[in-house]
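Letters A, B, C and D mark the chains in the order given here, with residues in each chain numbered from 1 onward.
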Amino acid sequence: MTPLSRRQIAWRAAQDLPDGAYVNLGIGLPTLVSDYIPEGREVVFHSENGVLGLGPAPAPGEEDPDLINAGRGLVTIVPGGAIVHHNDAFLIIRGGHLDYSLLGAFQVSAAGDLANWATDDPTFPPGLGGAMDLAVGAKEVRVLIEHTTKDGRPRLVARCTYPLTAARCVKRIYTNLAVLDVTEAGFVVREMVAGLDAPALQRLTDAPLAFAPDCGVLKAPPLGERARG
Amino acid sequence: MTPLSRRQIAWRAAQDLPDGAYVNLGIGLPTLVSDYIPEGREVVFHSENGVLGLGPAPAPGEEDPDLINAGRGLVTIVPGGAIVHHNDAFLIIRGGHLDYSLLGAFQVSAAGDLANWATDDPTFPPGLGGAMDLAVGAKEVRVLIEHTTKDGRPRLVARCTYPLTAARCVKRIYTNLAVLDVTEAGFVVREMVAGLDAPALQRLTDAPLAFAPDCGVLKAPPLGERARG
Amino acid sequence: MIDKRVASLAEAVADVKDGSTVLCSGFGSVGEPVELIEALHAQGARDLVIVANNAGLGDTGLARLIGSGRVRKIICSFPRTADPHCFDEAYRAGKIELELVPQGTLSERIRAGGAGITAFYTRVSAGTDIAKGKEVRLFNGEPHVLEEAIRGDFAFIRAESADRWGNLVYRRAARNFNPVMACAAEVTVAQVARIVELGSIDPDHVHTPGIFVDRVVVVPRSPRA
Amino acid sequence: MIDKRVASLAEAVADVKDGSTVLCSGFGSVGEPVELIEALHAQGARDLVIVANNAGLGDTGLARLIGSGRVRKIICSFPRTADPHCFDEAYRAGKIELELVPQGTLSERIRAGGAGITAFYTRVSAGTDIAKGKEVRLFNGEPHVLEEAIRGDFAFIRAESADRWGNLVYRRAARNFNPVMACAAEVTVAQVARIVELGSIDPDHVHTPGIFVDRVVVVPRSPRA
């Protein structure tokens, strides 16, 4: 059983973005997604700091210090891109203008509750950023997440133990082990990596899993760390 | 006794605008004010339709059909001017960014109440425009008005009989007969035209008038209708 | 590939249904998408709710729509423009409902609709006839009126140029309500004087990003009078 | 004549009093008026309330101000940037009050302060710990949080170029909070990379009109690393 790498999770999420979609990429894993849009599709990436048409990381020597994404990484802007001020960036988010918001998370519950801004460590200053706005405002919220914490505890849970970002907002989850939908009946597994079986995935998940009748194999091509990444 | 012409009222109001002031010009009489700013002063005129730096009417042949003022008259834009969208035009108004709002009126009361959007004629469709926003939002509201109606009834009144635009908002009034301040104690006459005495002005006004100790003569140079006006 | 261009005015307005709410930009005739409104007249939708600053002038655009009895209600700030005879007649005859809104409140309610702000408190109109029936609440001892967001089923707007992604650039005071209304409808239709190449508009100079625009139809400017 | 240029950073911030609320723009270090904040540090004002997206990184700008104990309270969305040790230490030691606001709500509250909107209802944060103690009200069956406007005594912003009237143009993502904060303070101070002739900025391309700007001080951009 080979879990997906972080870049492979991003690749997998990218394949589901349709031509013409407007998509916000949250800090962390989601910011990798823009590298993997299939040839021939135009997907417009939005960043909370006011960039529409976020392009890939710049080639060496072509960095523009005024062009960054939500994670403060240097980016480019594609032909057709536009700059807006912060208030309009969030008008776009809160006003329902984004087709998808791709977010990182600490925990997601079987009801679609999202927790991604604070842990239970009181000495760790919490950070909201635009997560609450994105979770409430986008037409569809999808999460990219490692299936478990580094010490093996489930991140997909019956109930979030960390403070919520928003309730009942997540519709789809991409992990290193599976692709899951959040339905009225809870988690439904759409794909899982080869070599993993249902009981094994269930043991790594803190909420009952249903499996789609056509549950497929989660796979991604080998992806090296890009020199420009 | 020679009342001021409409252009002379505008001229008189223009003399009181200090260098560097940001000023909105309402429909009608106030739109004439921009023609009469004294040499050497920079006053920035704002129009509710999103123009900052409204200039005089264009010379023949230089009309730009996309450049109009609040009264739909063709205008120019001065060096240093800027265009904003309607929402920002009213952010400027409502947010207290204008030093002066110069408005026309049907009636002004001795308490500074302003009535300028509806009469008592039910078959006459009322029109608000930006008047309520301007009356509430600008740092100081001044009114340019004929002292009486065409049939001789006072427009400066103890209480407005027409529906209010806003209560207690007007601070200064320029009429064809006088310049008045609205104070806690009611109307105080600062200037009146030569040949008029206090009792005569009082007879044309439906609220008690006080006269400033230094009450001066209201005068304006002869002003023809400008060819370009 | 994203290509928001549609071939004709008729196609651009084909799916406006009876009873729709349509935001129509413009300040007087400047920035007014008059050809789109004329196409809507030809299309035949009835029982419309129109949100606009004015109520039409002369016999074209909004005036024609109102004159033909297609508009059930208009939400506007200033129905009295030059020669508003179509509106005047309908209003006097009780054939059109008028919701009069202060211009800044109108603009702010539309923006709120586009920005996901459900309602807001403003001092404007407090204590006047316009606030009658509205919730009034004190903040810092001053009365404020609660105003709710407005959204349209359609927004008809007008710009100077567009690319195929729907990025728009306006000219001078023809900008007015266009960027505000573009944000606040399920379907935003822009009539533009010309199409430019994707990438030819400096990202710093885009006035309305294409994310707000669903359809673009070219209507060349008539020669300046 | 309108001339908003001031000769030095020290002059630009000279009248900031102890206890002032200062809006500081920027998203991380991009668009951050770091030299103005450094000048404020040198000026010595204490007991400040800072409104910003972040809480400083490294040891300059906001981080230095916080590290020196000048900031009583910070209102921000994301104090955890790269290397936030000044904030972290102050926070853990209980020496700084943190009001954590969702980024869009923060921006909207500042805009409301500039726009004369006293308060608004938003769905964002409803049902979360962030909404605790705030008024919640149902619209269309959904809970909304009442949020109030924020205004500053000062706004420190940063732009690429300015004319003597204070018209500003930004570059790329360095625009961020600058146009929003420029509207919402009693005194708005802009540090700009360069001054251009009055009239040289196309009125259609002005990002922040001079009406929002009180002082302009030139701080040339350091050569790009």
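Some notes on this structure:
In this section, contacts are C-beta pairs under 8 Å (C-beta built on N, C-alpha and C of every residue); 3 or more make two chains touch, one makes a residue touch a chain.
If you're wondering where the values come from, they're calculated on a predicted model, not measured in any experiment.
In terms of the stated touch criterion, the partners common to chain C and chain D are A, B, listed by label.
Distances between chain centres, each the mean of the C-alpha atoms, put A farthest from chain B.
Interface comparison, A-C versus A-D: the pair with the greater number of contacting C-beta pairs is A-D. Centroid to centroid, with C-alpha atoms defining each point, chain A and chain B lie 56 Å apart.
One finds 36 Å separating the Cα centroids of chain B and chain D. With each centre defined as the average position of its C-alpha atoms, the distance from chain A to chain D rounds to 29 Å.
Shared contact sites, meaning residues of chain C that touch two or more other chains, fall at 108, 111, 115-117, 122-124, 170-172, 175, 203-204, 207. Of all residues in chain A, those that touch two or more other chains are 77, 83-84, 90, 93-94, 136-137.
Chain contact topology: the protein chains form a pattern that is neither a line, a ring, a star nor a complete graph.
Every pair of chains meeting the touch criterion is listed here: A-C, A-D, B-C, B-D, C-D. Against chain C, the residues of chain A that register as touching in their complex are 19-20, 22, 40, 42, 44, 46, 52-53, 77, 79-84, 90-98, 136-137.
Within the complex formed with chain C, the chain D residues making contact are 108, 112, 115-124, 139-140, 144, 148, 169-172, 175, 203-205, 207.
By the touch criterion given at the top, residues 27-28, 30-31, 53, 55, 77-82, 84, 87-88, 91-92, 98, 100-105, 107-108, 110-111, 122-130, 170-180, 207, 224-225 of chain D touch chain A in their complex.
Interface residues of chain A facing chain D in the complex, by the touch rule stated above, are 47-51, 63-68, 72, 77, 83-87, 89-90, 93-94, 118, 123, 125-133, 136-137, 163-167. Of all residues in chain C, those touching chain A in their complex are 1-2, 111, 113-117, 163-165, 167, 183-184, 198-199, 201, 203-204, 206, 209-212.
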